[in-house]
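I've put the structures underneath this note.
Same chain, two partners: chain A is paired with chain B first, then with chain C.
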Partner chain A sequence: MRSGNLAGLGCILLVALVFPFLVDTYWQTVGILAIFYAIVAASWALLVGYAGQFSFGHMGFVSLGAYASALLVQWLAIPIPLGMAGAVVLSTIVGAGVGFICLRMRGPYLAIFTMAFSEVLRIVLLTENEVTGGAGGLEVAPLFHTRSNLPSYYLALGLLAASLGIMSLMVASRWGLFFRAIRENEQAAAAGGVRVVRFRVLVFAIASGFAGLAGTFYGPFIGILTPDIGSVDQMGIVVAMAMIGGAESLPAAVLGAFFVEWMYEALRAYGEWRLVIFGALLLLTMRFARNGLLALAWNQAVRVVPAWRRTQPAGGAAE
Partner chain B sequence: MAALIEAIGLTMRFGGIVAVRELDLAVNQGELVGLIGPNGSGKTTTINMLTGHLSPAGGRIQLRGERADGLPADRFAMRGVGRTFQITQLFSRMSVLENLLVPGLVRPHSTWDAARRQARLHLEFLGLAALEAAQARTLSGGQQKLLELGRALMLDATILFLDEPFAGVNPYLRDEIIRLVQQLHAQGRTFVVVDHDLEAIQRLVHRLVVMSRGQKIADGTVNAVRDDAEVIRAYAGV
Partner chain C sequence: MLDYILIQALNGLVIGVIYAVIAAGLTVIFSILKIVNFAHGEVYMMGGYFGFFAIALLGIPPFASVIVAMLLSFALSVLFERTLLTPLYSPTTERKGDYGILVTFGISILLRNLAIILFGPFPLRPPSFFSGSFSAGPILMSWDRIFAAGAGVVMLVGLLLFLSRSAWGQALNAVSQSRESAAIVGINDRLVYTLAFGLGGGLAGGAGALVGPIYALSPSMGLVPDTQAFAIVILGGMGSVGGSIIAGLLIGVSEGLFVALFPDPSRSLAYAQAFSLLVLMVVLLFRPTGFFGRAHAAME
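Let's look at the complex of A and B:
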């Protein structure tokens, strides 16, 4: 990783660590939700930005993880972390299954299929109200029995750091190279010996697993689950986050999630008009910065660090 | 001795249209074969079947004596079958070096250092070393053809199918491609070259196979095939 990238990530981590001590409880909650969305946006970026598999059903896996974790804990009376682990495994397996079924689908067909999967899941969760609570919601036991947001905040931050670390290692490895090759040209990848079927299923499974992980955290934090978590509206927000940030870069997708979540709260006074603002921002991104507005800004910023170093005299930085 | 690759009664249908009909074709180790024919004669479909990009509707493929039809393209590639495409297929937004690292890292025991070393050797051989950091999409048409060839070489392919390697390539690069193919052939690699450029292909190959309307109509030395009445008829469209 470039020194500028490391310095940038270090700064963000430092700000994230002290953030809850600088703000009130309301903004702590916003911060936790931003981190939840950041995990979802980063895993969507892995699937779409790196591997080119445009899924519009990613929030379906978030709701699958959330409901599966809550129901496992409720039915089997197991500790919440065990329920979370079980739900992540289930999301990964279902993700692999969906990935396998859509092997022959590309572009809009894949997007429509995955959206249909997510909608079917949402409607099942809505209809099976004896099990899921339906529209009334499913109550979920909290992870931490305290009024403070701090334990949840740092757990979320830990989950994000771990997710981002694992995904970054993956994209820097030969798997990441193969994912990008599949994104660029599946026929050429196959001619180059890449097992396209295996890697397409793999990336679906992994991205779905991380989406499920985000869901398993969301339930105990919010305390109640409704099927709307897997709605198309929610998916639209995640797409906006990743695209405005930059879907071909994991840190940029995370920054996109922070930025959009912050804007969503900062522009609350504008009511539904803030969605119009997001739409306009997304249009501008697609027109002028397809790799993401924040990725553009990030790349400019990380160039500053090595350039600044070169200007310093040998033996250390200037005073 | 078994042929390196052999098509036996190979057939391909697209809906009601028979693109390739009961084709028999054997290519031996070390041969340099030209596959020619008028447009729509089934040349590319044949290559697609022989490299796993299409599953034949009938017949079978033997690779080093083992049945290979129905295997996916990546399995063919891993068994030493390389190819280039009629319309160049690259990883456009990846660098020239990364384009070669992909096939260089598909084997489980390959390492980044070894793959990088190998890729740079091939880029040197192809005259693309100075462009290793450039995005593949920024290369000229001819350079892209060379990069595709490099990708096949990274697989250490023993047989390479080149689909129209001279299409859209300037005369200088065309001569360069001929020189490189001859050099690789002299090193022991087997080639099957498809092209419309009869002048170039006659300079390159030792054996010509001619297809028309999905069938093989001639197979022999360049001189014998050039004078074949059926070949003349097929090309003249009479």
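Let's look at the complex of A and C:
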């Protein structure tokens, strides 16, 4: 890694660390939610942008992790962190299972199947209200018994840094190459020696595990879980985040999540219009800048300042 | 109990016709443009509202509102196709399937949330086509349902005739088999794409207008039929219009029977939605080419 990149990373980290002291409680909460979405969007980008495994069921895994962790804590009376760990393991296993049974599907078939999976999960969570609280919601015990947002913020930041670090190492290694080979052409990848079955199941398991992790954090932070967390509209927000940032780069997806979540708050006065705006923005991005707005902005910046061409954008958004 | 099962089966048959209309539209789009339209359920929803406002604002008689809804849904679909789907025809676009999925998914989010703003989140119910109900012995069925089923059958027969007898239908069929060969014999493929997407949307919109008086209209009404249409299209074989009609009836009837036979009545309606999704998942797992699929229509 170049020293310039290292310095940039340090700056970003510094800003992230002092951020909660620069803003009020309200924006701290927004920041925590943005970090939650960033983990989800980045793991979706790993699954879809890198490995080309189209999933519209990612928020299903988030709600699986969230509900599993809350119910484990409730039933077994175990400490919350243990419940979170158990839920992450469960999401990973279920993700591997879904990845395994979907091995024959690709493209739209996979998208339809995963969407159906997450809708079935949502309907079950909604209907079995004796266990899950149904539409009224499931109360979740908080992780930190304090009014301050700071512990939650730094935990979220730590989780994001850890997930992003693990995923970045993975995509920078041979595995990342395998994932992209599978995305471009499965047969050719298999002919080239990539164990397609193993890596398709693996990427599904890993991405679902991180989605579950984000869910386990979301429950205790918000305090109440409703099946809506796994709805198609929520999935739409995550898709918009990843695609607006650029789904073929993990940091770009994270920045997309921050941008969309910030816009979501900044446009609060427009209420219902916000999802329409995000939908339109997603469509415009797809139509005119398929690699995401970040890559587009970077290419424009390079045109103005050619000296930047040597440095990579925040993690290689422009391929 | 037996009467109840019979009524549920008949209700299932009616809704099966509606599903078949929606699914036939999805199939036409799929077989020509080679994309799965994730916004199909939302066009169906918009069709319902087009019908509602044609009656409420323009004072059009209810049965004519179905035609207005079809025309407006056709226009809406053409608008989206012209503005957003043109990259599908460009040789420089990479991974067209992914582009189709994401763009139509984006359209569905946009339309659903736009509908919440424009029409409000509360259910609206357009006036009946014909009030009252038909009764013979134990069977009781509202005229709205009978009209919806009849109009749906007319749409399906019309579609099949259009596809097999008219020159335009044959052009659609030719493009679905081979774009290049169709272009060689002088078929304007760009126009065929537009026609196919508009036709599929028009069918969905017509189905939405037919359903309006039976169930109420709401912005999220497209979500379930959308996945049901996927189930039907895959069960019937991607690209086979006849197959999706049979599968639509099959799914409608089995869903009606599921509601009638589910042991816990307080949950049977909620799980009826999950039922069709499970059917969809099972079909995808064990028979992803469906039962009537044509070899050349296999999804890339």
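A few comments on the model shown:
Note that the second predicted complex is superposed on the first by the 286 of 319 C-alpha atoms of A that agree within 3 Å, B and C clash if a C-alpha of one lies under 4 Å from a C-alpha of the other, contacts with A are read in each partner's own complex, and residues count from 1 in each chain.
Keep in mind that, in the parts below, contacts are C-beta pairs under 8 Å (C-beta built on N, C-alpha and C of every residue); 3 or more make two chains touch, one makes a residue touch a chain.
The model shown is predicted, which means the values in this text are computed figures rather than measured ones.
Legend: residue contacts after superposition of the two complexes on their common chain; A:Leu157 is shown touching neither chain B nor chain C.
By the touch criterion defined above, A:Gly192 reaches chain B but does not reach chain C. Judged by the touch definition given at the top, the superposed model places A:Ala253 against neither chain B nor chain C. Between chain B and chain C, the partner in contact with more residues of chain A is C.
Once the two complexes are laid over each other on the shared chain, residue contacts for A:Leu177 go to chain B alone; chain C is not touched.
After overlaying the two complexes on the shared chain, residue contacts for A:Val140 are found with neither chain B nor chain C. No residue of chain A lies at the contact with chain B in one complex and also at the contact with chain C in the other. Against chain B, the residues of chain A that register as touching in their complex are 174, 177-178, 180-181, 184-185, 187-197. Considering their complex, residues 52, 54, 56, 101, 104-105, 107-109, 111-113, 115-117, 119-120, 123-124, 126-127, 232-233, 236, 239-240, 243, 272-273, 275-276, 278-280, 282-283, 286-287, 290 of chain A touch chain C. Residue ranges on chain B touching chain A, taken from their complex, read 51-53, 72-74, 77-78, 82-83, 85, 89-94, 98, 101-103, 105-107, 112, 151-152, 154-155. Taken in their complex, chain C has these residues touching chain A: 35-36, 38, 83-84, 87, 95, 97-103, 105-110, 112-114, 116-117, 223, 227, 230, 234, 267, 270-271, 273-274, 277-278, 280-281, 284-285, 288, 299-300.
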